[in-house]
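Each of the two complexes below includes chain A, the first together with chain B, the second together with chain C.
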Partner chain A sequence: MATITLKPFKTPELIIECNNITPDAFAGKTPAEIAELEIFEGKVREKLGDFFSVTGSSGNTAAETDILIDGDCSRVKYLGSKMTVGTITVNGNADMYVGGWMKGGKIHVKGNVDSFCGIAMEGGEIEVDGNAGNYVGCAYRGDWRGMRGGTIHIHGSAGNDIGTFMLGGTIIIDKNAFIHVSTHAEGGTVVIKGDVEGRVGGQMVKGDIYVFGNVQYMLPGFKEIDRVQKEIAGESATFRHYIGDLGERHPKSKGKEIYANLYVKASA
Partner chain B sequence: MPKLITGVGCPYCGSSCDDIECLVSDDGKKILETRNACVIGNEIFHHVSSPDRPTKPRMRQADGSMKEVSYDEAVDFTAKALIKAKKPLIYGFGSTNCEGMSAVARVAERAGAVLDNCASICHGPSFLAIFDNGYPSCTLGEVKNRADVVVFWGCNPMHAHPRHTSRYSIFPRGFFTTKGQMQRTIISIDPRETDTAKLADYHFMLNQGHDYELFDAFRTVLRGHDIPAEVAGCKREMIIEAAEKMRNARFVMIFFGMGCTHTDGRNHNVDIAISLTRDLNTHTKSSIMAMRGHYNIAGPGQVWSWQFGFPYCIDLSKGTRAHMNPGETSSVDLAMRDEVDCFVNVGTDAGAHWPIAAIKHVKKHPFIAVDPNICMASEISDLHVPVRVVGVEEAGVVYRMDNVPIQFKKVIDGPEGVPSDEEFFDRVYTRMCELTQTEPMWIPAKGHAKASSTSEH
Partner chain C sequence: MAEILIKNGFVIDPSRKINGDVMDIAIKDDKIVDKVGSGAKVIDAKGKVVMAGAVDVHAHVAGPKVNAGRLMRPEDKLFKSPDAQEHYRMEMGFSIPSTFKTGYDYARMGYAFVMEAAMPPLHSPHVHEEIHDTPIIDEAALPVFANNWFVMEYLKNNEIENAAAYVAWIINATKGYGIKLVNPGGTAAWAWGLNCLGINDPVPYYDITPAEIITGLIKTNEYLGLPHSVHIHQNSLGDPGNYTVTLDSLKLAEGVKAKNKFGRDTVMHSTHIQFHSYGGDSWANFESKAKEVMDYVNSQKNITVDLGCVTLDETTTMTADGPFEHHLNNLNHLKWANVDVELETAAGVVPYVYDKNIKVCGIQWAIGLELGLYAKDPMRTFITTDHPNAGPFIRYPRIIKWLMSQKAREATLASFKYTDKVIDATNIHGIDRELTLYEVAQMTRNGPAKSLGLSHMYGGLGAGLDANVGVFNLDPKNMPSDPEMIEKALLRAAWFIKSGQIVVKDGEITNHGNKRTVWVNAKVKENPQVMRDINEKFLKNYTVAIGNYPVWDSLAPNPLVIDIDVEA
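After this line comes the complex of A and B, so read on.
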């Protein structure tokens, strides 16, 4: 394995869009070549080397390439978007679209991420030590095919619209979430270890949601059917099991309607 | 002899009434009287002759004062600011014609700007819902002729769209609705007892911000499932009764406004309203429509979708492709995150409508306001460019809230030397091409279209 280290030395005036910071783009290139890669600040084309010092060496293939960003990327968009393999570690915050449209590999952000983290993700792993903004693992606007695979683990809290139009994969939020979890989802699993304000599973067709804390406002389209013992995200608990959204269409299997499941941890 | 001009369009609210009559003075310079318009519509026709209306661009000086400059200087300043900026934002278009919007789009493309309209802070969430879930809509004529259950969700047309209820939605007698109001069941869903709610047969005074839950309850009931005794502060019995009314109607019309798009959940409130409309169509006919605010705010959605494929929040900074993702490329978000370095306000008042914090951010950079009147944006701008008032001094195409295009007329001549939005931005475009030594690209049909839309006395 070979590691390329990027160290930010200049804060952009606006925000920079770096679609190129992926193991796929770095593999087989020398630091000097990497520094020449094109990035955008608004309509102005600039070079990666204008904002980051590049040291270390990249692997021959993307799978052998690790990228370490040693500093803050609060004003850097698209980190690791569309990557397929390899790893990226950020010692700081990152802006929008971390791991958007990602297919494989691993991203670890040690700070916070802004909105659209893991948008339309297909595979791989994203781990965020801090908080996430809105739209974690959501679909792109107007796309009915949201997150399809992979895992997003946010150790802090997240905003609204988690897993909108989700089809597969797993999202784990260790703390709280605001509103709209798995809206329109047709698959996948979302686990929220803390509280959610409401709108959990609205217009949801299929898939699972686990809430360990409190759901302040339940949707009227969810009906409690039983209590179950389940183990999820490393914790075992008794959950109240709801099905829904009863207002939404649902597919049939063997003559029986398939509903989405919402598990809310039963208070002791 | 004063002249009566009929079939005039009202450049005010989204109802875009096209039956206004104006009595114009002999010299064609002053409107003496208007007929058919409501109070707010009437006001706009008389406002144009206000003596303190600016007729020259004004530029901010080093000492902070504003000084009158020529239109050539204004064109030059705007062109240079747009070329210099890394990511300019051009925003507004609540009150201009489609010709103006198209001209600005040409400038935006050349400037690598973000192009956004007031929908961004208004019915933008409705667009998101429409992208996600479709838009089973109709025209206002169909509402008038067919709708026998009309739902006003989070909107108050009695104040915001005064003639909407008399022309289309509550009172008029139509082809299948010969008894007018007697034949219609009106349902108002609003946390406040508005004047529209007072007219309604059912008023759901829901807890503010819980629209989504109430929509979900209607959908659940329509699918034959039970709901809790109370949802969003509304009683189960009342929800079931109203749902039955809708199911048994001949044509259900849902109008929604800011109460849906600007409370928690925003686009999802509209999203689930669209799902409800779809559900209702398994029982009867049903349709849904956004209560668009301004007379031509549906215009940019039409014009730019045709030009760029997106109706709003269009990031053209990459030159070769348009990118749209509200939340990122929406005006207030761009401003709050310091992502833009030049701001052009066209035919709206960002100064009055935006959060103060967002305005403070864009104020760090060149701030240009193009608007016929003195407004908050014009007063804080570095350059204010007055233009003619569309629908009064300038003809043009506008899209009504149901996306029906209407050719608006010119009623009187504008102040001497004052250009239209289109003329001003065409000059900016030409200047930008001169400065960057590039060839301007005009659509061949443009000259022809211009000739046929001028002066309709």
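After this line comes the complex of A and C, so read on.
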């Protein structure tokens, strides 16, 4: 394995868009070549080297390439966009669209991430030590194809619209979430270890949601059917099992309708 | 402007029966001429094919439903929009491109004229604003009439003269080009959640049938002597077994003679015929009836069709056939927009994915191509995708590739998940016809220009015609063995000259051209009864006043007006 280290040295005037910070784009390039890669500041084409010092070496392939960003990326969007393999580690915060459309590999952000983390993700792993903004693992605006695979693990809290139009994969939020979880989802699993305010599973067709804390306002489209013992995200508990959203269409399998499942941890 | 000489190209011009002869094409200002002086700019077309600017007879490129599609589908732009370019406007979108991308992409393919196929009269100002915003290509728009209260009232009493006076008033007010019919009677029925699936189903609450609307509007069209024939999207679009409805409607043109001064000898254009050539009675036994439909079209000299080929893309459907879009939304559960346009029409928009791994989509793909391959008269069969309904217009070169190469068709067919089932339900596998570039030029240039009554300006390279000339990297005497090269060459012209200006060089836009809006100014005898009816309905039923209705001249600042005078 080989590591390329990027060190931000200049705060951009506008937020910069760095779709090119991926192991796929860096593999087989020298630091000087990497510094020449194109990024956008607004509509202006700039170079990666205008904002980051580039040291170390990249691997021959993306799989052999680790990227370390040693500093704050609060004004850097699209880190790891569409990456397929390799790793990115950020010693700080990152802006919107971390790991968007990601197919494989791993991204670890040691600070917070802004919104749209893991948007339309297909595979791989995103780990965030801090909090996430809104739209974790959601679909692109207007699209009906959200997250399909992979794992997003947020160790802090997240905002609203988690897993919108989700089709597969897993999202784990260790603390709390605000509103709109798995809206329109047709698959996948969302686990919230803390509390959620409400609108959980609205227009959900298929898929699973686990909430270990409280759902302050339950949607009327969910009906409690039984209590089950389940193990998820390394914890075992007894859950109240709801099915829904009863107001939405549902596919049939062997003559029976398939519903989405919402599991809320039963209080003692 | 100045003089241009396109030298030594292989010229294909069916309007003068020229098939690949090495010739020069001379241009002076905005017209093709016999010769130019020694100072003319010379374009070397040696080894390349030279054809007239192409003419698209049917596409949805401007107006409220196109814009509704853009608004409801931001994802249509994602990763499908090139980065900003110096000197030219941002281009966005794939199936519903921005106005600028629309103009640029048509020009890159060497298109000179595009017909916006469905203009809701009430929203004609919006249609013209977008047409005005679309660079380079000349455009016209067809107002829709077949579900209009006035039209149904006049035609149910067989008052052709009154219908003609009303149609003329609308064409003038909307700066329209001709008479479009969409799901005659069915869209009016949709206001009550109903539809007309056969041409003899009475239109609820109106006491008329689709057949009577179609026949009446054909008569109205020929009474007025409009440049184009009636242009019809038939009833029962997209339903298994609908080919019998299609044949019934086409038969309504039997024996009718064209009456006009534009060289048009047809009286009905039946659009996106692919969607109307379906057999079976469910999606399970869905099959091609392309042969049955095309055999009839071949036998009738007074009808034209366009194909509406499915291109196997993710696209956006949009039509004034409101009930059809509702039906489609129930099939695919994606997004749906629906609107009622007062006394006139309705519309719907639904995204659609033509997936090559779905059997029905594969059969639809085959039907579109079969129709093109069964066509005996390429002057009456035009290449379209009903853009964006069956696929985006930038796939025309791909359709031409499939029509010109059995190898390309077989390769696509073999890539399907259900190849054998598609072969069972269609005839595509057995067809070895490969169209020639001459036939393609008839289907995309000379033929549509004639059907639109525009062959005095477009579709040919004779002296006096508009100087719209495309030069493509294809050698008709030595066509490439790799069919992909056909698509590549036709997607990006080596040169395209529009109205005497070089607008494309090496596949890239070089000039914003001299875009024109083409419309018909129809003069009819004063008709006090119709004017009274119009005034009364504006007072009683419309949400706008009559003075706010017509399209301002400023929205068509570079007009090309075609005058017709019924009394003359």
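Everything that follows uses one rule, which is that the second predicted complex is superposed on the first by the 268 of 268 C-alpha atoms of A that agree within 3 Å, B and C clash if a C-alpha of one lies under 4 Å from a C-alpha of the other, contacts with A are read in each partner's own complex, and residues count from 1 in each chain.
Just so we're on the same page, contacts are C-beta pairs under 8 Å (C-beta built on N, C-alpha and C of every residue); 3 or more make two chains touch, one makes a residue touch a chain.
From a predicted model like this one, the values you see are computed outputs, not experimental measurements.
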When chain B and chain C are modelled together on chain A, clash or fit: clash
Dominant toucher of chain A (residue count), chain B or chain C: B
Which of chain B and chain C A:K254 touches, first, second, both or neither: neither
Chain B versus chain C as contact partner of A:G142, first or second or both or neither: both
Touched partner set for A:L14, first chain B, second chain C, both or neither: first
Which superposed partner A:K43 touches (first chain B, second chain C, both, neither): both
Intersection of chain A interface sets (partners chain B, chain C): 43, 140-142, 144
Touching residues (chain side chain B, partner chain A) in the complex: 85-87, 111-112, 128, 131-132, 210, 212-213, 216-220, 222-223, 225-228, 231, 264-265, 268, 271-272, 275, 279, 317-319, 324-328, 337-341
Chain C residues touching chain A - in the complex, by the definition given at the top: 72-76, 78, 84, 333-335
Touching residues (chain side chain A, partner chain B) in the complex: 13-15, 40-44, 96, 115-116, 134-135, 140-142, 144, 160, 165, 179-180, 183-184, 198-199, 202-203, 217, 219-221, 223, 245-248
Chain A - residues contacting chain C, complex: 43, 140-144, 249
